[in-house]
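Across the two complexes that follow, subunit A remains constant while its partner is subunit B and subsequently subunit C.
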Partner chain A sequence: MGGLDNANPVVFQATKERSVLPEEEDDSIVDKFDSREIFDLIRVINDPEHPLTLEELNVVEESKVKVDDNANTVHIYFTPTIPHCSMATLIGLSIRVKLLRSLPSRFKVDIEITPGTHDSEIAVNKQLADKERVAAALENSHLLDVVNQCLS
Partner chain B sequence: MAASMDIVIQKYFAENSEEAAKELAKDLNKNSDRFLAFIEQLESHLTSTDNVTRGRATQFIGDVLELLPVAFLTTEQTEVVARFLLAKLCDTHSVQPHALKSLAVLTNRCKLLPNGLPEDICRTIFREIQNQTLSHSDRRSTYSIFQNLLGYSNKAVEQMGGDFVIGFIQQMDAEKDPRNLLICFNIAHYVSSRMPLGPFTEEMFEVLGCYFPIDFVPSPNDPQCISKEELVSGLRKCLAATADFAEYSLPLFLEKMTSDLQEARKEAMLTLIACAPVYRGRLTAYLGSLTSTLKREILMNISNDLVSAARQCIQAVYSAISPDELVENSMNDTLSASIVELYQDSVKYFDGSDTKKSCLAFSMFTSVAAASAKAFCVVTPLVLPSLLSHCSQSSQVSDQLLYMKELKDLVSLIQQFNSYKDVVQVIKDNHNALLELYETKLNQTDNIDLQLKSIEGITLLTSPSLCDAIDKAQVFATTLLQKSLHITDPLLRKSVLSSLHNLVLQSPSLGPDIVKSLTQACDSGAAINLVFDTLVQVVVNKDLFQIVNEFLLQRLSEVKTEDVSDALERIKSLARLFVQMKSDEQCVGLFLHTTVLQLLQSSVASTLQWTDASRECCALYMTEMRNFFKTLSQYLEKSDIISMWNRLTQLMLESNTTNIGIVGDFPTLKPLQPTSPWQHTRLITLLEGFITGGDIQAMVDHRETIFESMFILSQECEDSFTRASACRCLAVIFNKAPIGGEIHWLLEPLLERLRQALSPDRPLMNRLRALNTWLWLTKASECRGHSATSILSSYLFALLDDSELGPDVATGLAMIVQDMDDVFSPALRSNVTPLYKQRFFSLNIRTLLEGYERNKATGRQEHFLTAISSVTSYLPLQVLKPHLAKLVPMLLLGLKQDNSSLSNTLTLVSSAILHATEEVTPSVDELTNQLLDLAHTHKAMKVRILSLQCLESMTSLPVHKISPLQTKVVSNLARSLDDKKRLVRKQAVSARCAWISLGKSKK
Partner chain C sequence: MFPFQGIVHTQTVKRLKEMHTLTEVETLSGHSDRVWCVSWSPNGSLLASCGGDKSIRIWGKEGEKWICKSILTDGHTRTVRSVSWSPCGMYLAAASFDATTSVWSRKAGEFECLATLEGHENEVKSTSWACTGNLLATCSRDKSVWIWEVTADEEFECASVMSTHTQDVKRVKWHPNKEILASCSYDDTVRLYREQADDWECFTTLKGHSSTVWAIDFDKTGSRLASCSADATVKIWQEYEPGNPECVATPDNVSTWKCVCTIGGYHERAIYDISWSHLSGLLATSSGDDSLCIFSEIHSSDSRNQPQFELVARVRGAHSQDVNCTVWSPTEEGLLASCSDDGTIKLWKLERDEK
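Let's turn to the complex of A and B:
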């Protein structure tokens, strides 16, 4: 493996843990899925290159996570740190796997690169949206190990 | 006699030398005159032609002397023996070691040596002994002789001057044995520090320096157990003994500081730290090389240890060359010139391109500044502007934090040097820039760490020594005040409040204004708990105490019965105010005469206002009052407790309301009568609080009457709040009652009445009330480890068989093993025996297990199961461990029961999974099923979360045992991902991910 794509990335501050509201502790109230909940799931994913999380690198942002609990949809835009980042697909795949493991199956999850932030945006988006390619990728044990490392 | 001595001497030579020496010493000790006879008897051996016999005879003298008391020999005898031994040193080489040994003993046991003898001993040894040709133990004798002489006859030895120095150097040269080296280092330290080394300085250094740095690994079988640290510290002391070594040792240190071995570098720096204060001015010649080497070490940042040693070292070096007095600010001296040079060398690191390097360079200059006031004055103007600009301009918070830490370290040095006016001036020159930076960080960032650092910085800068102008402190106070009204983060809040407290302490004139703005903030709708919290914190003297006390008491005279939240906060804050000022006698007096009386009045007056609709509010209000009285009595003097107790009992027993300052007619109160309205009976909570906190020895009058009344209330009162309070009060009195017959006298009749009330023919309601009282008394008794404990607890276990009371007993048992620090704790002067819960468990677990087996057929085994989960849920796992094999199946059965202790049982199961793997593993299948079931179906969210936590902990069990369950668990947990509660979903994600990656982390 050659040098890092982005050797000296800008580090952003991580948000604090979500504070627990009284209604969240009330058994009788139903808590809907919201963007912060999804963001909390993906913000802790490690970057494949740096010992930093996707949140600290500003790859994922809460404002770019859209959730509609009633319509069972989740839409996420992520922003690679540099336009030629070769890890973009891997990051997208990690987000997808994390959500596959953490969200109920009723949700339809779309993961895309923030428009205009990557050179091969369309190709990557296509790969990430292709169920069969994702399934095939996850059967590759080496790739799965790399994804698991990002998720651990 | 002579014959017997002869036999002993023969014995020495023939067989057991140790035994013979002991026997002879015992004989000589009884009769000191016989020493001469001993030497005479030994004559033939001492003059024997056989070298071995002669040698042993010479040593015999030493062996015997060692067993005799100190100063046993007269001066004359000492001289004769010593001269004889010196003559033996000139004997053949095989006799020399024996003579040395005896001489070592002689110099140790005979402290007063005749004039001239010490010198003769030294000179003879120097002349006759080739020390390094001897064995290590014989060499030790030589060193011991020198050590003894330096200890007892130092004057004589010191007079020898250079002769002794060179003689010793020759003797110790090339010593290899670590045990001997320790003695040598000791002697060398003495010689180098007390005697002029003259022309032999270099020789002395050479003989010591060759050991530097010490590399020694103790042998595992070494009986003397010499450690590397002892040798290192011995050599370090030698090298730091005199400044004369500087010209030789500094080049050596410099060489080692550039070595490839980290250990050597570290050792060189640590030794230089020890030497620097002695070498002082001699360091100047090597200053440039030393500082650049140390700078390199710091910037290389290889390990924290090395960086810290290098920083200490550079501080020690600059501290050593700093003048004692802070002279006028001239930049022409060596110190300033060197610092400026160092700065010019390092300035390239301050450009901020590499934060880590910049911070290391800043930290180096902080260490230099810490060396002396002068160094601080030189460093600060050089470094501070660039540090300030990094702090304010750095784009990333993490970098800002690192720079802010360096800034704080530098500015904090002011505390060390604030007596020097030049230093103060240096900070004052930058005062505005610093304050501006801190204020910006405090007000414009959300980062808590940055805010904390800013508050620390401003607190330092607004201290009176640095800030003459009160207006700056005032501005800061206002900022803190605003912060205190909305910050809830505990750490930041603590820092804000303690800074505010210090600020008012330093400038008390700020106090009234702060209090005024706080009271206004209260009226303008700020959160009252935060306002009151801040108000209490700023009270530092009697005047402020009065103002705040008066403010808090406002509106307490008339309680709004429909909303008591304001009153509760006020009472809570009054208690805190009392604790804050409890050491001020005047404030305590004021508090007792105004505040406490007013609180009593308002609680009595409010009895007229509570209605059935405001029962809950009344309970909250009275609970806060209880806490107030508990805090009050906890810190009161005995005499104050007595007078307050009398006042309270008069109110309760005699309805004496004038005593608490209520004027005019007030309806008769009978709080201790069970038939009184609940508004009245709830007043006993005040009494309960007072008894809980205070020393019961001071509450003598009417104590038995109160005890009896409380018992009746606990059984007959219709109000459950009053009954609970009465039970607690009874338990506290029982727990605190003085040791002696009184307890039995109080308890016996009470227990008899309770037994009657508990009998099956009584109505269930009465039985439950009696049971509750019984449980409280058992808790009180267990806490103090009273002899009645076994009677009380065995009766409870018998009640588990009762079909009516069994379930209540089973859940009630949890109370006995629960911590109740607000009722029983050493701080409240309760009798709490250590480990009482563990003892209760160990003594009774067998009964519970047997009861379960016995009742399997009757259907009452569930009571025992609940009791087991109740008792085990509150105990540390270590206590349960020996019983876990039996308990785990019970706990699994307990999981099937839906009762209040289910969540506690789950907590216990979770820790059992983590810490008692072997006991849990056999039941893993059943456990998984139950946990999955609970996680999905249980109605309580807490139980669902705990079940999921248990499932997550299960992944720590041996992989081969749980991997067959993986598919099932992962697919079942998918259901919990769609739980209606977010907190459950969060835990489900964590558990599911742990199961998915099962065994993968170990790859």
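Let's turn to the complex of A and C:
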């Protein structure tokens, strides 16, 4: 394995576990998905290169997660640590797989690079939006192993 | 753009929009993963489907119900992306992410694998048979389009490899009555090919979509082509042959194809498939927004150069997830099939609303 793209990333503090509110334990209240809930699913994803989570590297932030439960849409911007990060597609794929496995199938999920933070932003966004390429990638056992490591 | 665009025709004829209703007639369940493609046999009696469960299913009508007649599971080791019938209905070609294309022959109601075509470097996305049945086209993420010749003893020989696309090729489709092939791609373009001096060449590139072109379909005559894209629009391309009355230039005596209409604003997400009925002339589209739309051409003063289409039916939530494919029955007007990430195939009937 070659050198790391970004050997000394800035590390951010992780947020605390969300406290459970009384109404969340009340089964008679419909609990809609909100941005914090989606963020909690993705903040713990491991970075492919560092022993840190995407939250600790500030790759994902709660303010960049938009959820509309009624419209069944989720939109996430993620920010690679450096503009030429070669892992950007893999990180995006890991976020997509995590949500694919966690959310009800009614949700339409869009995952994009925070505008202006990566040299190949358009190409990476297009690839992540192409469901056929994502499906084919996930049939590649080597790639799937790498994704599963990020999600473990 | 066009020499005739300065002419304005004012039409004051009042026209009542004819709305239609698309009604679900049957849901076919059986696939254990997303269904990528569904295809009618040429006489409309069978449906072939395929998907993420690596299988091909053949469906036929018994009485009033469509039932699964065969499941072909030993052809591919990865997703089967698409299936297409030969014009005679005796062969079925299947494109797979395992980089191969399988060809199945139907003998006495049973399907057996006749050949496995190897050559593409990675995922094969689509196959199409020429109208004569003598040529089969395949395309792949490896950016190439292959043309295979079908020999008299049922063998397949590669006749040409065309690498004009700069990205993943999503779909290939032959002209309905000429040996002209169309392909569309992740590079946002559509390309047309013809045989010239014993080899195949790309003779034109259609640019206009702003994202991946997922599917293409010719109308009955083959002089118009419809394309649909991740940019959520449909475009209609018109052929201008050498000597055309509009005086559109045709360099090297080769037809020029021009975009004469863009249909937008109906789908909210990528349009994954389009089918142009050779019986009714209606266009059906299916999308990642879970809906199906039906468009009809409006009678207009200059339908060749400035055609107009209107939405005549729409089913929101046609499936509970992305609708990957939609295709009109070749024999029964108004009968439509669709399939989805939700693992089902649905049959629909389009009927004109009572006034």
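Just so we're on the same page, the second predicted complex is superposed on the first by the 152 of 152 C-alpha atoms of A that agree within 3 Å, B and C clash if a C-alpha of one lies under 4 Å from a C-alpha of the other, contacts with A are read in each partner's own complex, and residues count from 1 in each chain.
Throughout what follows, a contact is a pair of C-beta atoms (placed from the backbone, for glycine too) under 8 Å apart; a residue touches a chain by one contact, two chains touch by 3 or more.
Being a predicted model, the structure only gives us computed values, none of them experimental.
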item	value
Which of subunit B and subunit C A:151 touches, first, second, both or neither	first
Touched partner set for A:75, first subunit B, second subunit C, both or neither	neither
Touching partner for A:139 - first (subunit B), second (subunit C), both, neither	second
Touched partner set for A:64, first subunit B, second subunit C, both or neither	neither
Which superposed partner A:105 touches (first subunit B, second subunit C, both, neither)	both
Contacts of A:37 with subunit B and subunit C, given as first, second, both or neither	first
Subunit A: partner with more touched residues, subunit B or subunit C	B
Subunit C-contacting residues of subunit A that also contact subunit B	105-106
Subunit B residues touching subunit A - in the complex, by the definition given at the top	395-398, 447, 939-941, 974, 977-978, 980-983, 985-986, 989, 992-993, 996-997, 1000-1001, 1003
Subunit A to subunit B touching residues, read off their complex	10-13, 20, 24-25, 27, 30-31, 37, 40-41, 101-106, 145, 148, 151-152
Residues of subunit A that touch subunit C when the two form their complex	105-106, 108, 126, 129-133, 135-136, 139
Touching residues (chain side subunit C, partner subunit A) in the complex	34, 52, 78-79, 81, 97, 122-123, 125, 141, 168, 170, 186, 211-212, 230, 269-270, 288-289, 320-322, 341-342
